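Each of the next two complexes has chain A plus one more chain, namely chain B in the first and chain C in the second.
Our next item is the complex of A and B:
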C-alpha cells in the first residue's frame, strides 16, 4: 500500500479554504447568495454631557426591504452602545459576542466597562478575520474616563472622533454634521442634529429608510429612544379590515394544564456492615 | 467616479521624519481614505510607542494600527525588564521583525523616530518588505513621491529645529 502524506492538523485560527472555494465558484459563474445587509445610516456625536448615537431602521436584502423596523443600536454594556452597519448577521454576532466578553470582564474586575476595552476586543476580532466579517460599527459610551466615540471598520482599523457616520448613508449624514456640528452641544441640540443627519440618510440614500432610533448616554444614565421619529408612516390602511373566506376554519383552542410530576423517593435503609 | 465604500481603509499619506541637531521632528498629514471617500479627515498618523519613541504610519490603516499596538506592548515589557527607557534602535527592530515575518499579509510602511541617551535623535525607515534603514531623514506614503526632489535640494546636515519644522511644513503643502 502506498504511503499517503500525513495529514497535518490545522494550526488553529480562521481557515480561509472556503473563501478560496467561493471565489472559484463565482469565477465559474455561480451567483453568491445575497446577504441581508443593513444598507444603513448610523451616526454618533459627542455633546456636552456624553454621547448620542443614531440609526435608521431599514434592513435590505438586495433590492428588497427585508425589515422595515429593525434595531441597529446594540447593547454592549450599561454605559456603552454600538451601532452596526454592514451584514446584519455579522454586526449582531460580533456585538453580542463582545457584549458577553465585557460582562465576564466586569464580573472579574468588579468595575464598569470602559469603551476602549470594547474597542480593543472588537478590533482584534475583526482584524483576525481580515475584513471577511463585514461589520462597520460606531461605538459610543461614557465611562470613568469620560465620553468616547469610535468608528471601527471591517478590516479592523479604528478612528476616534467627536462626530462620526458610517454605512451607505454616511455621506449624506456627514454633510449635515460638517455643516452644523459644534463642540458643547446641549442634549436637545444634539438629538436634533442626530435626527437631522439620520433623516438626511433616510431620504437621500436608498439603502436607508423608515424610522430614526436614538440612544443618549450620559454619566450614570442612558436613554434608548426607540423610534424617536417616524417620518415614513403608513398612510393608507384599509378601512374594511380583513376577512377570511368561508372555507377557512378556526379551530377551538383548548389548553390542558400539565400534571405536576411528583417523585417520591423512598428512604433507603442505612448501610450496615 | 466609483466610491467603493467597502474598500479597505488606506492612508494615502505623506509621512516625514527629519533629524536635527537636538533630536528628531516627525510630520504627517491627517487624511484616511476608502477609495475616493475621505473616511477621516482628522486622523492621527503619528502614534506614540514609548515616552521617547514615536512612529509615523502609512499604508493600510488596520495593519499599521495592529503593528504599532503590538510593538507598544512589547516595548512596555522591554522597558520594565531593562529598567530604563527603550532605545529607538530596539523599537525599530521590533517593528521590523513583525513587518518582515508577516510580509505576505501586511501592507504598511512606517517611519520610526525618537531620542535615546546612547545615540541621540534617530530616524529609521521601514518600508513594505520589512527592511530597516537608518537615515538622517525619511519620507514615506503615497504622497512622498513628490518629495524626493524637494528634500534632495532642501535637506542639509545639522539643521536647527525651526529649519527642520519649516521644511516639513512646506513639503506637506505639496500636492
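Our next item is the complex of A and C:
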C-alpha cells in the first residue's frame, strides 16, 4: 500500500489495478459497462491539390444516441488530420498522444511532420495492444513529399489508398466513391463527393447520423468546415416551450454566496541593473 | 470464528454491514449471509449491468451565465434501498462541480482521488482549475484504467472564464462528450434524454433553469425503479451557489 498510496501522476501507460476486482464482478454475473462508440462513417479522398477528410457526427452508447454533434476529425499536426471510428475514448486518447509526440518531434527536428511519421507511431501503438485499443483511423495530410491518405485498423495493419472509408457506414460510403471517384478532382468536386458519401452513410447506416464535418488539407493550408452540411435539423420545435403547471416541492434551500473575484494587478518595478 | 449475524442491529449498523458485503472476496466470515445477498442475477441469460447495482441519475444543464447540476438521492443494493440521502454531486471548488453515477464505491474513491489532484494543482498553480482542464484531468484518470475501469460515469459542470457555463459527461473510460445544452448519466439516462430534450430551452435564467431541471429529473426518476427518493439540485451563478433538496416520490 505504501507504494500505491501516493497518487502522483505515473510515468505513463495503463494501470491495471482494478482488473481483478472487475473480473470478480463479471464472474458473479454482472455485465461490464458498454463504452461510448462512434458507430460512424469516416472517409478520405485525395484530390488534385491535397486531401479531403469527412466524418459524420453521431456518438452512440449501445442503441442510444449519446452525442448528436461530436467531433470525429482530430488534429494531429497543422498539416495532418485524423478521423477516428471505434471506441471514442481510444480514438481520442491515441490521436492526442500521437499529436503530442509529433509536436515534440517537430521541435527536435525543426521540420514539418510527415504523414508516414504519424502513421508509424499510430500503428506501433495499436499493434502493441493487439487490437484491444479499438481505434480504426483514416489519416490524411499533405507534407513535403505530397498528399497522403492512409487507413489504420485496430490491430495495427495499414493501407495507403487514393480514397478510403471506415466505420459501420463504410460500405454505404464506399459505394458512392467507387461509382463517382476519378483522379484529378477539383476542390469543389471533391467536397461534393465527400459530402455525398457521408450523407449516404448518415441516411443508410443506423450507427451514423446528424451532420457532416469536412476537412480540406492542401499544401501550406487547411480548412476545417465544422458542420458543413446539416441534413437532419430538429423537425418540430414548439415556439411556446414547456410550461410547468405544478411547481416542484422544495424541502430545503441552502444559499452559499460566492466571494467576488478580485483581479489584483501588481505594478511591477523595473529591475535594477 | 464465524460472526453471528444479528437482525436486531440499529439501522446505522445494518447499513454498514451491507456495504461491507459488497466486497465478498475479502470477507469469508460472512459466507452464509453472502449467498443471500444475491450478487448474481437469477437468470444467466440476462446478466445485470454493474451500473444497476446501486442505481443513480445525474443531469446537468446550461443556462444564461449559470448552470444547474442535479442528482437523485437513493443508494440501493440491487432492489433494496439502504440510504435516501446519498451525495452524488460534490464540489471541487466554488465554480466546478462533479456528479458521479454508477457503482457507489467507485464514486467515492474517484471523488477522493480527484479532490487530491485538485488540491495538488492548487498548491502548485496558486489558483483553481478551470472546468475544461478539470474535465481533461478526469478523462486522463479514467483512461489510465482503460482495461480495468472505474465503474462510474462522471458529469462535470463549471463556470469558466467570463462566467461562461461548461458541462460535459464521459463514459467509464474517459471519452469526453461536450454539450451545449444538457448532459445526463445513470440508470435513468434514457428517460432523462427524453425529458431534457423536450423541456430544455436555451438561455434560461437561474430560477427557470431550476424549475426545468427539477421537473426533468423527477419525471425521469419516476420511471426508473433504481433511482429516486427525491432530488439534490445545485444552481450556480457567478454570485452564489443555491443548493436545494426536492421532495419526490418515495418508492
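Here is the rule we use: the second predicted complex is superposed on the first by the 211 of 273 C-alpha atoms of A that agree within 3 Å, B and C clash if a C-alpha of one lies under 4 Å from a C-alpha of the other, contacts with A are read in each partner's own complex, and residues count from 1 in each chain.
Heads up, the rule we're going with is that a contact is a pair of C-beta atoms (placed from the backbone, for glycine too) under 8 Å apart; a residue touches a chain by one contact, two chains touch by 3 or more.
Quick caveat, the model's predicted, so the values are computed rather than measured.
Novice: Touch check for A:15: first (chain B), second (chain C), both, or neither?
Specialist: In the superposition, A:15 contacts chain C only.
Novice: Just checking: does A:157 make contact with chain B only, chain C only, both, or neither of them? Give me first, second, both or neither.
Specialist: First partner only.
Novice: Using the touch criterion from the header, give the chain among chain B and chain C with more contacted residues in chain A.
Specialist: In the superposed model, C touches more residues of chain A.
Novice: Per the contact definition in the header, classify A:131: touching chain B only (first), chain C only (second), both, or neither.
Specialist: first
Novice: Touching A:240 in the superposition: chain B (first), chain C (second), both, neither?
Specialist: neither
Novice: Considering only touches as defined above, state whether A:252 meets chain B (first), chain C (second), both or neither.
Specialist: After superposing on A, A:252 lies in contact with chain C but is clear of chain B.
Novice: Touching chain A in the complex: which residues of chain C?
Specialist: 25, 39-41, 44, 47-51, 53, 94-95, 102, 113, 116-117, 120, 139, 142-151, 153, 170-177, 179, 189-190, 193, 198-199, 201, 211-212, 214-215, 218, 230-231, 238-247
Novice: Can you name the residues of chain A that touch chain B in the complex?
Specialist: On the chain A side, the touching residues are 123, 126-127, 130-131, 134, 151, 153-159, 161, 168, 170-171.
Novice: Any idea which chain B residues touch chain A in the complex?
Specialist: 3, 5-6, 8-9, 32, 34, 37, 39-40, 42-43, 60-62, 65-66, 105
Novice: Tell me, which parts of chain A touch chain C in their complex?
Specialist: 7-8, 10, 14-22, 24-25, 28-33, 35-36, 59, 61, 64, 66-67, 70, 87-90, 92-93, 132-133, 241-242, 244, 247-260
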